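Chain IDs A, B, C and D follow the sequence of writing; residue 1 opens each chain.
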Amino acid sequence: MRRVVATSFRVALAEHGVVRVAGAYDALGALLAQEAGFEAVWASGLGISAARGLPDASLLTMTEYVGAAAAMQRRVEIPVVADCDTGFGNNLNVAHMVHEYEAAGITAICVEDNLFPKMNSFVPGTHSLEDVKPFVRKIEVAKAAQSDDQFFLVARTEALIQGFGVTEAVARCEAYADAGADAVVIHSKAPTSIEVERFLLRWDGRCPVVAIPTTYPQWSVDEAVRAGVSVVIYANQGLRASVSAQRAAYRALVERGGAGDLEPRIAPLSDIFALQRLDEWREMEE
Amino acid sequence: MRRVVATSFRVALAEHGVVRVAGAYDALGALLAQEAGFEAVWASGLGISAARGLPDASLLTMTEYVGAAAAMQRRVEIPVVADCDTGFGNNLNVAHMVHEYEAAGITAICVEDNLFPKMNSFVPGTHSLEDVKPFVRKIEVAKAAQSDDQFFLVARTEALIQGFGVTEAVARCEAYADAGADAVVIHSKAPTSIEVERFLLRWDGRCPVVAIPTTYPQWSVDEAVRAGVSVVIYANQGLRASVSAQRAAYRALVERGGAGDLEPRIAPLSDIFALQRLDEWREMEE
Amino acid sequence: MRRVVATSFRVALAEHGVVRVAGAYDALGALLAQEAGFEAVWASGLGISAARGLPDASLLTMTEYVGAAAAMQRRVEIPVVADCDTGFGNNLNVAHMVHEYEAAGITAICVEDNLFPKMNSFVPGTHSLEDVKPFVRKIEVAKAAQSDDQFFLVARTEALIQGFGVTEAVARCEAYADAGADAVVIHSKAPTSIEVERFLLRWDGRCPVVAIPTTYPQWSVDEAVRAGVSVVIYANQGLRASVSAQRAAYRALVERGGAGDLEPRIAPLSDIFALQRLDEWREMEE
Amino acid sequence: MRRVVATSFRVALAEHGVVRVAGAYDALGALLAQEAGFEAVWASGLGISAARGLPDASLLTMTEYVGAAAAMQRRVEIPVVADCDTGFGNNLNVAHMVHEYEAAGITAICVEDNLFPKMNSFVPGTHSLEDVKPFVRKIEVAKAAQSDDQFFLVARTEALIQGFGVTEAVARCEAYADAGADAVVIHSKAPTSIEVERFLLRWDGRCPVVAIPTTYPQWSVDEAVRAGVSVVIYANQGLRASVSAQRAAYRALVERGGAGDLEPRIAPLSDIFALQRLDEWREMEE
């Protein structure tokens, strides 16, 4: 039984017209995303924080995030894109981050133009956008820090999230692409895709664009592709499904006073064993 | 905002006629179990392994298991019972294990009379029961290693799982209790509770008995209590619910080409924020 | 063999006229410091960074620092004071830090009034002092976050290091004490103790004062005590001794083409075994 | 600043008539070994355990060992050879170990024919040699598990340590080489090199031989090479030098009541900064 060795994100992007990315918060979710046919996995900062019962507010450390991303990547053949928030500090932190993620076998990371410490984009209230110049410098530092040409840097602007409008978002993404970003995320919390579509109308295509349709879930992959998107991230649906299901299961156990009723509605143990690739492991027993 | 400080398992057992324990594999699951009304959480070896995409076969290390259990315990006020498999080696490993789990804030652990490395009890094939004498010595070593009187040691026999019968199981559990075990688990993979009930008929009550109704889910908590059980562990239902739900969600995203249909069937982001206790954290912002 | 349970720093301070603290970067160093008679150990940020070959510049994460401090504390009976740099971010990070260090069994931490990410105090060039008001708020948040009354918070001012003078240093330390700091560090990189002594002349004693005589090593413990110091930290001498000795040993091995000459000048294996408390561990073997 | 990317051990062995390997227990030691001119670093199980104040008795977990080895490898350009003790369990553990060490960027590991859990070879008393057949199978499993052709497996026999004589040692090493081991360690605790030399006289050269002259330090590298050795490991001299020096430094601080006398005998802070490559890191600051 050989170690799982994954495709790089750069290769996945070259091979597919659109890369569909599923948010996951552990290797189990990553395996299920791969099984469903996703081309990549998003090691979600929100999800990894939630799995530890903590807010998505730069409370978890890079050690915890890179560990979680690596634990996913070691089990799946599709690439993991690691949510790296703000880059964890200044330029030195950014360079160190690239070293650590590369060493952990991660081929793509995403940094956003928020100040450290950040708060989750969907939490109302004050967020602080980093100025363009220092964030551009972070991108340059990150690209200079990589040792493998396959390494892929996604730069995400929170300009729309924080109400700075499409013009600012376009200007920022152009600057990020020119600084070396391999793709940009245009993040929006609008209830429809209209903001993102406006951005795309003004985007000159100097690098691929990534969308994260959380608040505008009715926007389909096909529509996104037609509008000019190359990568679609379903960042938190797996997490939210897991919460609903575990909540319902625990409630049923308590309310019914036993597991009998639950049994037919949950995966059998044999499914768990299959996800663990138990048969392949057991071949090595004497 | 103060650190979460949990009740010890010993106190929970004293306060409740029966302690219902929900298996979880991360802090998120532990929070949902607590919310549903469980009195304790089982830091499941199967679940923690599955979350990393690896078989429940002593592949994960004590470092990973104690880290996972501590990550749960730090977020919930109910006690976490840590599944410690075989004790991770010999007597020295057992003593070290107790030191590490106590230092991590875990107030109850469970060790089983299998040889290291073990294979999950529900996997057919050869398992090797440890002899009574060395396992009794492990229990003595574990109890001598604890530094806090609250620490609670559960000893689990796999005698029924491996076909040695009720007489052997009773003899072993008596020896384990006499060696200092604070409770015993009578584990069975029979399709009904009959084996466990036979055990209970012959049990003299020298310490509390724990049951894990995985293969006999129709056995209710009430029936278990009437038969003499003090603690019921629902070891893997949360995990299995999570797998079913994430699998369905990922499939729906791929098949429907978008998240629209899924939206009403999964927890909203506000539920995630509530589980993260975001409002309490935000009070500390300026 | 029981788990090592340490005295809290608060108790050590109450019991000793002066607490002498030795910087260490791993449990081995902590054990040697305890053996020599120190009353406490400083889990040095510089040392822990250096042990990983990285600058003391907020590159290592809180996870790495708390892990290193806990690994020390689990082996010694004297308290570990953990160097927590700037508190790792904003108020939320500070509260989380207190939760994590308390959960890891650390009874005293030290935070400094630099902005995150910091650079080691002895590195020339620009550092940025945090304003008094937000740092005072961090102290209040930290104290509110503790769950055990034994927890001890040391606040360190870098005012002298950054050239703001004694008046500013005194004003800051008074504000920090009033906000709840249990002690203050007056840090200086002057070549003599003169700056620190000027501070002490103006200090009204509202809380204990800590000194770190790195650049003014000729200042003795007795002199420091007479001047009003309650805690003296020898922050990096163990690290620097270790570097000199390992460097010399490796060079000798290469230059002499063998280990023969080195043998009499280095600790025998039996010393290593004694530090590992091997005899106590072996008592548990059958 | 780019990530450090190391030569593989296989390449180092091909490029040098003899590979001199220095034992280290953290990245700082690895950096000092590299600086002195060693061709490789031994991530010593004894050293890594001692750094945590624990016996070299399979108490630390693979997670801790691979983390320590990776922390070294990420800072040096020479290869790290990781001491993997017995392989951490059965065939499944061995395969998992290879996956984990490869994923961590380690290009060479060493496993020994002791039963898990092991005790350090230099500790008198009972050790248990694993039978040839299962250990040969472990070697086959390890080699089948590697995903990179550069990965290098060293098999170590404890036959001499446990008194089974040279004939048994040769037979075992031949079997290990035939099973795929890339090199063998002939370990001895005799006070001279005589046992090892007898082994070498009977060794047919089917793979390179490694020696660890701990108890026979007067045996020089030149003599070892002439006798047929390809790799010499100085496993614990750095650790022992570090212990002597830290012990002396801490004692001096306590006895002299200050750091003044110590100052000229220990590395200056500037040496620490140089080892941290501070100047290179600072170039990234604005």
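Keep this in mind: contacts are C-beta pairs under 8 Å (C-beta built on N, C-alpha and C of every residue); 3 or more make two chains touch, one makes a residue touch a chain.
Quick caveat, the model's predicted, so the values are computed rather than measured.
In this structure, the chain pairs C-D and B-C differ in their number of contacting C-beta pairs, and the larger number is found at C-D.
One finds 38 Å separating the Cα centroids of chain B and chain C.
Separating the centre of chain B from that of chain D, both taken as means of CA atoms, is a distance of 37 Å. Between the Cα centres of chain C and chain D there is a gap of 31 Å.
Residue numbers of chain B whose C-beta contacts span two or more other chains: 54-55, 57, 59, 74, 90, 92, 281.
If touching chains are joined by edges, the resulting network of the protein chains shown connects every chain directly with every other. Remark: chain A residues 54-55, 57-59, 61-64, 88-90, 92-93, 96, 116-117 touch chain C in the complex.
Partner chain C is touched in their complex by these residues of chain B: 1-5, 70, 74, 90-92, 95, 98-99, 102-105, 134, 137, 141, 144-147, 281, 284-286.
If you check the complex, the residues on chain A that touch chain B are 20, 22, 26-33, 35-38, 46, 49-57, 59, 71, 74-76, 120, 122-123, 125, 213-214, 217-223, 234, 236-251, 253-254, 256-260, 262-263, 265-269, 271-273, 275-278, 281-282.
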